[in-house]
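Both complexes shown next keep subunit A, but they swap its partner, so subunit B is in the first and subunit C is in the second.
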Partner chain A sequence: MGRYGLKPSRQSAFPEKPLGSTRRDSARSWIVLVLIATALVLYISSEQVQRTILSLIFPSETQFTHTRKTILQMTTAHISLTLGATLLSAVVGIVVGIAVTRKAGKDFQQLVLRLNSFIQTFPPSAVIILAFPVLGFGWKPALLALFLYSLFPILGNTVVGFQSVSPAVIDSAKGMGMTWFQQLWIAEFPQALPMIFTGIRHSYILNLGTAAIAAVIGGEGLGTIIISGLTLRNSALVLSGTIVISLLAFLGEQLFHMVSSGR
Partner chain B sequence: MYIRIYNQKVVKTTRSVDIGRCRHMSEELDSPPLTCYLHRIGETPVETERTEQAFALPMGEHVGQFESRLNFHRKLAAIVLLVFAVSFFFPFFFARENRISAEIPGGIAELALLPTLLLLLPPTMILLYALIRNSRRSEWLLSFAGTLGLLAPLAVLAYVGPRVVSTLGPFARYSPGSGMYLYLTAVAIVYLMKARIRIGDYIGLAVALAVVLALGHQGSFNRLGILLEARNFGTRLSREILAHIRITGISIGISVLVGIPLALVTFQSRRMRKLVFPLLNVLQTIPGIALFGLLIAPLAALSQAFPQLREWGIKGIGNTPAIIALSMYALYPIIRYSFTAISSIDASVVLAAQGMGMSSGQVWRIVRFPLATPGILHGIRVALVQTIGNATLAKLIGGDGLGVLVFEGLGQASVDMVLLGMLLIIALTVAADRIFQILITVLTPVSLRREGA
Partner chain C sequence: MTTGPVRPTLEESPSFLKAEHISVRYGETVALNDVTLHIPTNRVTVLIGPSGCGKSTTLRCINALVKTSSGHIDYGDASIQAMSETDLRRNMGYAIQSVGLMPHMTVEENVDLVPRLLGWKRSERTERVSRLLKLVRLDPQVYRNKYPHELSGGEAQRVGVARALGADPPVLLMDEPFGAVDPLTREQLQDEFIRIQRQLKKTVVFVTHDIDEAVRLADYLVIMKDGMIVQADTPEQILAAPANEFVERFLGPDRSLKRLSLFTADHCCLEQVVSGTGKPSEAQLPKGSNRCYWQVDADGKPIMGFTWIHNRIIERPITSSTHTVQPYSSMKECMSAILSLGMPATAVVDDDGRLYGEVRFETIQTISLS
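Moving on to the complex of A and B:
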């Protein structure tokens, strides 16, 4: 627990690896990345592949594709919804996070953190579905709901990241005669970056799953095929959507992992 | 604000302590008397009798820096006023001729004079608060603004209701609009900006509640969409609420019974750790909504192969697969938090216990479990909140619970029905969260409690 009951999200889908990037690790990371990406592209581009895999797992089902939309269309919509929300909340979260850790905005820090822990008690499905009575039907309400929900992990982590910058660093930056911006950009930001990065990664994974629920309020992502699978009692359709979402999650994790370890 | 200032530097700060207690504290601590000062901008510190809360100031902070913080309330008030102002540009309520017909927006301009004035009152009080900003009185102003901020929208709803019914026909109804949600957001910030909730606030909330009940008794809210939906559901509503609680409770029960022993085993064995965590991580990337669907086919096949199972309710659709999916999903936070709680116990404490000659069982019972309890409970709390939300999705595979309201509402494009379902789910979530917070506070060993935590 942090100072204000805030728990920075540190979990990763990958176990922590020791620091120090050797060439072998780097090569392995690239191979994993390429493998996941290939699997993803192969799966979403060909109906034949989908049919083969799904019929292998669920031999008793007869329908393996959505009647109106292809997996490719749904994946594109899903990715744009997820990335759009994550990017929006990253930009807003980092800006607000920086603002409340400056001298002028420090007063709002507690308010932001309280709001953060308050919002986190809402289940993601509630946030998405509530967008319907408040904002209406369609992808815009879905995007807004995703944005609002994923904003707070990033914001919280940004605040914690900047709080954890050692005062000695700030002091020496001041002593070197750095301007306000230099102090922020050269001295503090690099130190806070790992925490911020963790927040963004957490938000991305969160959004990926939550965007599936967005299908019920008109956010047309992979949730469409999952929900039609649910209503038709067809596990194959559900699996089809799930495979893509899981691959997207692993792809994102791997990318974040490679960027953050500098490979 | 009580601070002790020495050579223009803050050397001692206390939160929410009045002078009497401050003196008392210094006697208790048997230290040289603490000087308890109220410091105002542009004034020399004066000793005073009583004031509002203090901010936790870092030691050694210069008084000049402290002054900038005193402007905090003005900044916050500015934000609240901004939200209030924006809310007036959005419709405060929607009227409908029947439950699914097109909505007719109503803004503040369409309200009569009295409700409008009432709505303008809380922002005015906040403005006053920002201008005078003076010790005790301003804090009361904030409490009043909060209470009135809750009452004003209610008054608007009570006023709109009867008027709508008279013009739009017998099936007319109305719901709060985005303006009102924004307005309530501003009120929520008012409450959040308070350092602590005072007796005045509780009285205010009680008054607001009493007014709601009185107005409701009088029939002012009879045409409110949510209430109409609730009335349509009748006894089915309470049945679904109970079903929701039951599904959540059973799922959490299962995952606690499975998760905590599993966390213990993973703590003891390195090999299990390598097996359990990757598995849980993969499980976590599956969206909650999908986990339900993935179980349909395997469970259906299982119940076909063993008809005996069907008698126990284990089949592809219904409550059982929902409970299985929910408890699988709740495993992650429970195992994760329990594991962290157990493994983050100070090794020296365990060593000391072993040094005292405790057996392995005693170490667990007397040392590890009590120390890990808050962490474990925290995990259960996270899982519980998540499960109450996810249990909504049980409806999609034919389960019961409040999801029935939500998804039927979505299917019929009935905003009020969805809202009713979601409000109940959020109420359940908040209640569960509160209960666990209290439980955690009570069960935290004294040695782990920190001052002010």
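Moving on to the complex of A and C:
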């Protein structure tokens, strides 16, 4: 009866993905995500928690918080800077990446890829410090420096992603009468997406670290507490900023992992 | 029973797809040089020639993937240069050697692409996909939700053909569609193609470099060299009278045997055969007769052939599938079956393996002399 009477369910259509293990993996991913998020929220929202944890590691220290700013303020600034720069590079990187993989923009493709490998050899601190004389002081130049630095991983990956689409697929997409846009959106983009996504993930992590250095030129993120810690020779302050940045990195990685594996 | 050339003649298929004096130049190199080609409607036109002869270029000119430098191609009353490229291509199925299935889409989504582009209704499309998959002999239940990487080369190629037929286009362009699969699969795909084409009667332009495939599939055979057409005619005519030494060499020394691939068993098959479940009686197989008697089992499957040779009755057990042929087998395969069975005829069996008729050596001889 089941064979003829009922429409096969959606799940039975994917025998290669055992349902049970997918569900278990998915549950595990959510648990990890919630754990990281809870830890983060607990740490940044309460000075009591910060003090307790830091005094365990550095019992001799007396100062565990920044004098002018709370961890929460610095974290918000840090996230804004990181996400702002990543979003900006993602938009610009994908648009430019698509442009140089089209017929009209092919001439610039080599230039873009070379520039990409060239920029990658710059250490993040050099980027920020070199940007200072040109761009000045404050969060705007910090954002611009971060954007420029994280643009190329996304741009490069977008180009490579589109290059990896097989010519046969493009030929048959054209041959079946797809318009320019359909060819891009239906045939090419979904195949380039995993590469692009890896680029965005890489940029996010990169920005998270570089944004700390941006404190030197007036970026108001968690770098502020780390740098004061270094100046005051107070390792507890350095660790405090580092803990939050690490948690943000874990949180980001987990989110990217869950999105890319479709959970 | 019908004998002799049974392929439809080309006179009754006026062309609505005509290439007039087309040339394609890339800078100094000339890919196509003043080619004029009228594609017969509802027939299979095969373009063949050595690599670089311009056969693929000609095909790609038809759906405007390659722009002609001079000359024009007419589709119905209009020139294709005046039509929108996307409309033109959606009216022409396109299948290529590397298949080019979208790797991120299921078989169903791939086959569904052109109907979706044309904005067909969802219910219509689901129905269409099932019909097409059945047509290329893939079970929709099994294959609908598979991804291209889960398919064998032959299966992928079938999906490619189903996709090309997606929106029921009047024209089908096929660029070496069976070029990348093993010889056995290729032969199966050719059989399927013949069956499908008899059913659908599309206007097909087919590019290949395999002369056996060309002779087998073509109603109209176009031999090309250096961007020009050397000879264009029915395969019968070309095999009987090659235009020049190049064509002759291209066809190879076994031209007469190749001609046999032009005919299929059902066109010269005798349905009145003598058969029974026991050994033949005197009345069924008179002494000295050069006819055959087929002994069949309870299901009607032939198991033994009897005939008189040199005043002796001989029995040949039918043990292998190479001893019999099917209605769609070529006369070349019939010839081979006759030789391997060692009888003056071979048994023709239907899809279930039941005796359907026989093909005699003398019939083949008549055909090859006609």
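Note that the second predicted complex is superposed on the first by the 242 of 263 C-alpha atoms of A that agree within 3 Å, B and C clash if a C-alpha of one lies under 4 Å from a C-alpha of the other, contacts with A are read in each partner's own complex, and residues count from 1 in each chain.
Here is the rule we go by: a contact is a pair of C-beta atoms (placed from the backbone, for glycine too) under 8 Å apart; a residue touches a chain by one contact, two chains touch by 3 or more.
Values in this document were obtained by computation on a predicted structure and should not be read as measured data.
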Touching partner for A:Pro190 - first (subunit B), second (subunit C), both, neither: second
Subunit B versus subunit C as contact partner of A:Met176, first or second or both or neither: second
Subunit B versus subunit C as contact partner of A:Ile217, first or second or both or neither: first
Superposition-derived comparison: subunit B or subunit C, residues of subunit A touched: B
Touching partner for A:Gly138 - first (subunit B), second (subunit C), both, neither: neither
Touching partner for A:Gly84 - first (subunit B), second (subunit C), both, neither: neither
Common ground on subunit A, meaning residues reached by subunit C in one complex and by subunit B in the other: 13-14
Subunit C contact footprint on subunit A (complex, rising order): 8, 13-14, 16, 166, 168-179, 182, 186-187, 190-191
Interfacial residue positions of subunit C with respect to subunit A in the complex: 63, 65, 85-91, 94, 96, 98-104, 113-114, 117, 141, 144-145, 150, 160, 163-164, 166, 173
Residue numbers on subunit B that touch subunit A, as the complex places them: 65, 68-69, 71-72, 75-76, 175, 178, 181, 189, 192-193, 277-278, 281-282, 284-290, 292-298, 300-301, 316-317, 336, 378, 385-386, 388-390, 392-393, 396-397, 406-407, 410, 413, 415-416, 418-419, 422, 425-426, 429-430, 433
Contact footprint of subunit B on subunit A as seen in their complex: 1, 11, 13-15, 58, 60-61, 103-104, 106-108, 111, 114-115, 121-126, 129-130, 132-135, 137, 205, 208-210, 212-213, 216-217, 223, 226-227, 229-231, 233-239, 241-242, 245-246, 249-250
